[in-house]
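Next up is a structure, given as C-alpha cells.
Residue numbering begins at 1 within each chain, and the chains themselves are lettered A, B, C and D in the order written.
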Amino acid sequence: MTPSIPLSAQLINLFAAVILLLAFAMLAQRRMHSLVNLFALQGLALCLATLVAAVTTGQVHLYFSAGLTLLLKVVALPWILYRLVRQLNIKGDVEALINIPTTMLVGIGLVMVAFNVALPISELSHTITRGTLGIALAVIMLAFLMMITRQKAISQVVGFLSMENGLFLAATSATYGMPMVVELGIALDVLVGMIILGVFFFQIRDQFDSLDIRHMEKLKDS
Amino acid sequence: MDFFVLMLAIPLVSGALLTIVGERDWAPNLNVVASLGTFLAAVGLTGEIVANGPRFAFGEQFFIDSLNVFFVALTAFVGLTTSIFSGPYMKIERDRGRLTKPRLRLYKSMYQLFMFTMLAALTTNNLGILWVAMEAATLTTVLLVSLYRTPASLEAAWKYFILCGVGIAQALFGTVLLYFAAERVLGATGNALLWTHLVDVKSQLEPTIMALSFIFLLVGYGTKVGLAPLHNWLPDAHAEGPTPVSAVLSGLLLNVALYAILRCKVLADGALPEGYAGNLMIGFGLFTLLVAAFFLSRQKDVKRMFAYSSIEHMGLITFAFGMGGPVANFAGLLHMTMHSLTKSAIFFAVGHATQKTETQLMENIRGLIKINPLIGWGLMLGTLAILGMPPFGVFASEFMILTHAMKHYPWATPILLLALGVAFASIFGKVQAMVFGETTARRLPHAPAIMPVFLHLGIVLMLGLYIPPYLTRWFHEASRMLG
Amino acid sequence: MPGLLSLDLLLVAAAAWLALGLIGLFASRNQALVSQVLFPAGALVGLLVGVTGIAALGGDPQTAVLVIGLPDLPFHLRLDNLSAIFAILLGLTSAGISVYSAGYFGKGDVAGLGTLCLEYHVFLASMLMVLLADDAYAFMVAWECMALSSFFLVTTDHKHEEIRDAGFLYLLIAHIGAIGILLCFGVMTGGAGDYSFAAMRTQELAPFWTSAAFLLALAGFGAKAGLVPLHVWLPEAHPAAPSPVSAMMSGVMLKTAIYGLLRVSFDLLHTTVWWWGVVALVVGLVTALFGVLYATVQNDMKRLLAYSSIENIGLIAVAIGLTLIFHAYGMDALAALAMTAVLYHCLAHAGFKSLLFLCTGSVLHATKERNLGKLGGLIHPMPWVAWLALAGIIAGAGLPPLSGFVSEWLLLQGFLFSPGLPHPWLNMVVPVAAALVVLVAALAGFAMVKFYGIIFLGQMRDPALKDAHDAGPWEKVGLVWLALITLLLGVLPSTVILRLDAATRQLLGAGLSDTLNEQGWWMLAPISAERASYEPLIVLVTIAVVLLLARWLVRTLFHGRVRRSSPWDCGYHFEGPRAQDTAEGFSQPIRRIFEPVFRMQRHFPAARDKQPFYSVKVEDHFWYWCYLPIARLANRISAMIVTLQGGRIAVYLMYSFITLLVLLMVARP
Amino acid sequence: MISVSGFLGQAFAILLALVLAPLLSGWVGQCRAWFQSRSAPPLLLPYYMLQKLFNKEVVLAHNASSLFRAAPFVIFGCMVLACAIVPTLSTDLPFAPSADALALVGIFGLARIFIALAGMDIGTAFGSLGGRREMLIGFLAEPALLMVFFTLAMIAQSTSLATIVETLAHREPVIYPSLAFAGVAFTFVSLAENARVPVDNPATHLELTMIHEAMILEYTGRHLALIEWAASLKLYAYSCLGLALFFPWGIAPGDDILALIAAIPLLLFKLAIGGFLLAGIETINAKMRIFRAPEFLGIAFMLAVLGLLVRLLLEVRV
C-alpha cells in the first residue's frame, strides 16, 4: 500500500465498499419492500462514487453519468418497483431457495474469487481507484447469486438491476466512465427493459396468478 | 442518399410508422415494402463496399467492411423473405383468433425495430454501441416471443429476458474490461471502444485484462448465441414465439451474436497467446454440438427440435471459428450463411405445417406431403439440407469444417461425427414421419407463402454445387480479416 | 481427340438423365409421356453409357475439371478403365431396367410419377458421377445424392409405416457409411489437405494410417454394399422399394460401393498389407454365409432376393480379400485372377439380380402379393416371366452355363492357388474358406430353388392367381435384355474378361489377357488349359444337343403321346394347394441345421387347440447384438443430458454462473 | 490338337456310358439281392424297364408345366455331359477342357436344380418334400465334394480331371496319405449324391423316407425313363470318377489305341468290384433319419478338409 492515498480515492473506495455491503444486505434481505430500499441506497452510493470520480478527474460526462444514475437508479427504478410491489400486491417475505446463512457463506466465497480474479488487473491499474474493479465484480457475482436463489420474479429483477449497478461501478469508477454514447445507450436499455418488465409482471400475474417463478417451470425437456 | 443511412433509417422509420398507424389492411404490405427497401439498400451498400472497400459512417461510429457487409446482406435478405412469409402466416393467426389487432401492430413494429437493432449491431464500429444494440435486440425480441401471451410464451419470454439479460450484462463487463485495457493504450478518448482503433493496437493490449474480458464477452454473447450450457432460453423462445420470429431468431439473431464474438476474438487473438481464444471457442463449440445432438432425440415439439438443431449448428460454427485460419473461417462464414438460409426456410415450412395441422406436436403432424406437397417437400428438403446432405450447401461447409478439423484437430473429428450422426438419426426419423404417410388433416383454403422456402433452398442448393467467384472472393477477404 | 470424347459423352449422358428427370417432374400430369417416352429415352442414354464405357476401355485415363464444386476444390472427373467397367455395368443394366420401368410405371397406379421419374434419373446420374468423380468432394456429393435419391425411391410408397422405417434405416446407415468414407478420404490426404484423388495417389502415408484408411473404406463402403454387420438396411429397403428400384439398387448401386472399395484399396492406396485381405475375406465369408442362410428362410420374395444380394456382396468381398492377399505378396498373376473374379461377379450379379427383381416386380403387379406363401403356379399364367426368371435363378445359384458360375469358378481357381502363399497360416486356412464359398453357393441354390419353386411352380395357393397376367411388352423387352446379358456373360467369359483386363492391368499391373489370347475365344483358361479350363459354350451346346437329340430320338423311335390326368401323389386324394410345402416348410431343414444362426420365435400348435396354427418368425441377431444396444445407450445418454433443460430458471442461471466461474478460475492464458 | 483318335475315344466313352450305366445299376441291384439272400432280379432289368417306359404313354398331371416336361431332357443332357468329361478309358478327351472338376460339380448342380424344381412343379406334398430334401443333401454334399477335388487338384496342380488322372496314373508312384481321407469322403458324398443307403433308399416306396423317388413320383413314360437313365448315368459317372481318381491304373494316356482297348476290360472289372462294394455298403447299413444326413455329410466334409490339411502339412515342400 502506498503511504498516501488521495482523499478522493479513499472516498471512492469507501462508496464501493458500501455498495458491496449493500449487495450483501440485499442478499440477506427477506422483505420485498426493504429490498427495493436497499436497491435505491445502492444506487445512491453508486451516484456518489461517480460524482467523486467526476470531481476528481474533472471529466464532464462523469457528471452526466452521476446525474443519470441518480435519476434512474435512485428515483425512477425504485419508484417503478414500489409501484409494482404495491399494485401487484406482493406481500410476505421473499422466499429464498437456499437459506440465508448458506447464501452468505457462498457470497463470501464469491467475493474472494472476484478479488482474486481482479487482482492482476488492479496491479496494472493506473487510476486512483484500482480496487474498485474487484468490488464491482464481486457485486456482479453477488447479484448473480441473488438471482439464482430468489423465487419471486420481482426479486430476480432487483438482482438483475443490482448487477447493472455493479457494471456501472466498474464502468464509471474503475475506468472513469465509458464513452457518453455508450452510457446513454445503456441507461436507455435498462429503462426500457424495466418498463417492459413492468408490463410483463402484470401479464405474468394474469396468467399464473402469482409472481412466483416456480410456476414457470413448464417448458422443459426432462 | 447514402445506402447505409437508408438501410438503417428505413426499418427505424417504418417501425415507428407501423406503431403509429396501427394494424391496417396494408400494414403487412408496408412491412414487406420496408423490408424490401432495407434489402435493396443493403444490396446497394454491399455493391459499394465490394467496389470501393471499407468505409465509415457517422464519424467513426459505424464501419462497414467486407466481413460485416456480408452479414448485413444476409440479414436484410432473410428479413425480407421472413416478412413475405409472415404476411399470410399472421393473417391465418388472426383468423384463428390467436392474435388481436394491437398485437399485430406490436409484431410489425417490433419486427422492423428488431431489424434495425440487428443492422446497427452489425455495422457499428463501437463495441459499446454493439452491446447497446444487442440488448435492444433482446428487448424487441422478448416482446415478439411473448406475442401470444399464453402462459408458455410468457414463461419463455421471461426466461429469455432474464437469461439473456444476465448474459449480456456479463458481455458489458467484458466490454468495460476491454475499454479498461484499451484506455491504457489509446487514452481515455472516445476512440478507445472503436474496433478499427483497437485492431491497430491489438497486440499492445494487456493480456491479463484481455483474457478476462474475452471470457466475459464469450460467456455473455455466447448466451445469446446459444452455446451450451448457456443455451437454455433458446429452445423455449423458439418454440413459443410466432414462427416468423423463430425464423429470424434462428437465422439472424444467433448470427449477430456470433458476429459480436468474432469481432472480439480478433482483438483477443492479437493480445493473447495464440490459440487462447480459439481453444475456448473450440471447447464451447464441441460441447454445444454434442449436448444439442443428444437433446434432439427427445423432442416432441417440432419448433423446439429445430431450435436445438440451431444450437447444434451454432456449436459447429463456433468450433470452426475457434480453429481459425482462412479455411476454417471461410467454412464458418459459409456455414453461417447456409444455416441462416436453411433454418429460416425450415421454419417457414414448419410454420405453414403447424398452421395446417394446428399443432406443434410432431406426433400429431402426419402426411404433410398429402396436405400440401410443396410444404411437405420444402420441409423434407430443408431438413435434409440442414442435416448436411449433399448437394445442399450445408454439406459444402460441413465438409470443409470436417476436413479442416481432421487436418488440425484430429481428436475432435470423432466428436463432430458422433454429434452429426446422432443429430441425423434424431431429426430425420421425426421429420420423415411428419412429411410422409397418411394424414387426417383437412386442406385449408389459405395459400401459404411457399416462395421463400424454395428461394432459400434454391440458393442453398446452388451454393452447394457452385459458389460464384465474387462470393468466394468476398468470403476469403472476410475470413482473412478474422485471422 | 477420340480419348476425351468418352468422358464428355458420359457427362452428356449424366446431364441427359438429369434433364429427363426434370422434364418428368414438370410434365408429371402426362403419364403417357413420362412412362412411354422418358423412361425409354433413359434406357437409350443407359445404352449410350454402356457403349461409351466399352469404347473407353483400354484407353488412357481421361480427366476433366468442372467449374462447379468448392472454390478450392472444383469437381475433378476422371474416366479410367475401372470407372469404365462400372459405367458399362451401370449403363447396360440400367438400360434394361429403364425399359422395364416404362411398362411397370405405366400401369397407372403410381402416385407422383413425375417425382419418381426425377428421383430415378437423378439416381442414375449420381451413380455415374460417383464413378467419374476424382476428388473427395465430388465423390461425396455424388455418393450422397445417390443415397438421397434412392432413399426417396425406396419411400415411394410411404403410406406404410414399415416402408418409412425401412427408408429411415437405409438413409441412416448410408449416412454412417458416408461418414466412414469421408474419414477415409481425410486419412488418405495425410494431413496435406488436398482432397483430389490425384493428390491422394501420390501421398505417402505411415503404415498405421494406410491401414486405418483401408479399414475405414471397408466399413464405409461396406455399409452401402451391405457387409455384415452393416447390412441391416438392405433386407428392409429392397422390399420396400418399387421393383425396378430394387433391381437398380441391388444390381447397380451395391456395385458402386464395390467400385469405391476397389478404387481406394488398389488405386488410391499404393501399398497393400496382407492382413487387409484376411479381414476382407473373413468379413466377406461371414456376410455371404449370413446372407445366404437368411435368404433361405425368407417368406417375402423380395426379402429373399435382398438377402441373396448380401450373400453375393459377401462373395465379392471374399474375392477382394483374396486379391488383396495375392497383391500384398506380389503374386500379381493370381491377384489378377481374383480381381477378374471380383469384376466378373459384379457384372454377373448386376445382370441376374436385376432380372430376378424385375421378375418379382411383374409378379407383384400381376398378383399384388409379395408373400411366397400366397403365390404358386405362376408359370402357367406368366410363362415369359417364369422362363426368364429361370435363367436368373440358375445364374443366381452359380451354376453353369450362366453368368454366376463363371465368377465363382474364377474365385475358386484363385483359392486353389493360395497354398503358394509364403504364409503358413494363410496356406492352411484360406483353402478351407473355399469350402465355405462352395457351401454358400450350394445354399444359394437352395434359396433359388425355393424362390422359383414356390412362386412359379406347384399349385396356386390362392385361386385369384389365375387372373394373373404376363409381363407387358416393355417389361418383356427389359427382362429379355437382362436375361441376354446373363446368358452372354455365362457363355462368353473370355471375350468379357479380355475387356475386363484393362481394369485389372490398371490396378494390379497384371492381367489374364496374355494367357487368354493364346486360347480360343470359347475357352476360359486363366493360367493354362492344362491346369484349369472351362468352355461354357461347349457345355451349353452339348446339353442342348443331347437334349434335342434325345427328344428327337425318343419321339421317332417310340411315340409322343401324352395324356392328362390328376396327379398320382402316392394315391392320396387330397391334393389341394395346401398340401404343398409352404415357404416356411421348405426352409425347415435350414432352420433346423443352422438353428443358432437365427433368432427365431416359433409357435407350435398344441394338441387341444381349437384353431391350431404354426408360425415362425426369423429375426436378425445383429439387430439385437449391435443395433439395439447402441440405440439404448444413445437413449440413456440423451435421457441424462436432457436433465440440463429442467425448466428452472434458477438452475439455468446457475449453469451460466458456474460456467463463468470455472472459466475465470481455469482459463488463464 | 484334337486328334481323330481322341474323338473316337470320346464318342466311344459316351456310348459306353449310355450302355453301361443301366447295367451298373442292374449289377448293384443284383449284388444287393445276393447279399440279402433274395432271388436276384435279372441283370438286364434296367434295360427292360427303360424299354417298357419308353413305350408307355406319358400321363401328365393337369397342372404340369412346360418345365416339368423339359426337365428330364435337361437332366439327361447334363448327365451325358458329365459322363463325357469323366476320364473312363482314356485321358485324351476332347470334351475334357470344356469342364474341369469345378464345372463338373456345377453340372451336377444344374441337374439337381432341375430335378428339384420338377419335383415341386405338380404341387403335391411329396414332390416339394423331395425337392427340399434333395437341395438339403446337395448343399451339404457339394462342399465336401469340392474339398475332395481341391485335395486332388493340389496334388496335380490342376483342376482338369484329365490332368489329375494323368498325374495320378502315370507319374512315378508316390503314396499320398491325403488321398485316403479324400477317398473316404468321396465315397460318403457319392452315396448321398446317388440316393443310396444310408442317406436315401433307391428301392423304397415308403413315402416319408424317400428323397429321390419323391421328386420323380409324378413322372411316367419316357420322362421317367430318361430320369432313371440319367440317375444310372450319374451313378456311373460317380463310380468312374472314383475309380479314375483313386484307382487310376489302366486308364489310357493320350492317344494310345492299344492301351485304350486294354482299358475296357479293366474298367468293367473295376466297376464290377465297385458295384459289389456299393451293394455291400447298402446292405450292412440302415437308412438314416433325414436329419442324420447332415452329420453324415458333415463327417465327409471334415474328412475332405483333413485330407486337404494333410496334403498341405505332409506332402507340400515349401
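One rule holds in what follows: contacts are C-beta pairs under 8 Å (C-beta built on N, C-alpha and C of every residue); 3 or more make two chains touch, one makes a residue touch a chain.
What you see is a predicted model; the values in this text were computed from it and never measured.
Look at the CA centroids: the one farthest from the centroid of subunit B belongs to D. If you average the CA atoms of subunit A and of subunit D, the two centres end up 101 Å from each other. Once the centre of each chain is set as its mean CA position, subunit A and subunit B turn out to be 31 Å apart. Subunit B and subunit D have CA centres that are 78 Å apart. Centroids built from CA atoms put subunit D at 35 Å from subunit C.
Within subunit D, not a single residue touches two or more of the remaining chains. Residue positions of subunit A with contacts to 2 or more other chains are 117, 144, 147, 156, 213, 216-219, 221.
Each of the following residues of subunit B touches two or more other chains: 158-159, 162, 166, 170, 208, 212, 235, 295, 298.
Remark: the chains found to touch one another pair up as A-B, A-C, B-C, C-D.
Partner subunit C is touched in their complex by these residues of subunit A: 97, 113, 117, 141, 144-145, 147-151, 156, 213, 216-222.
Residues of subunit C touching subunit B in their complex: 67-72, 136-137, 140-145, 147-148, 155, 158-159, 161, 164, 167-168, 171-172, 175-176, 179, 182-183, 186-187, 189, 191, 193, 195, 634-635, 637-639, 641-642, 644-645, 649, 652-653, 655-656, 659-660, 663-664, 667-669. For subunit C in complex with subunit A, the residues that touch the partner chain are 639, 642-650, 653-654, 657, 661, 664-665. The residues of subunit C lying in touch with subunit D in their complex are 376-377, 379-380, 383, 386-387, 390, 393-394, 397-400, 405, 409, 412-413, 415-416, 419, 422, 424, 427-428, 431-432, 434-436, 438-439, 441-443, 445-446, 448-450, 452-454, 457-459, 523, 525, 529-535, 538-539, 542-547, 550-551, 554, 557-559, 561-570, 572, 575, 577, 579-581, 585-590, 592-593. Only residues 158-159, 162-163, 166-167, 170, 207-208, 211-212, 215-216, 218-219, 223, 228-230, 232-233, 235, 272-273, 276, 280, 291, 294-298, 327, 369, 384, 389-391, 395-396, 399-400, 402-404, 406-407, 413, 417, 420-422, 424-425, 428-429, 432-433, 436-438, 464-467, 469, 472, 475-476 of subunit B touch subunit C when the two sit together in their complex.
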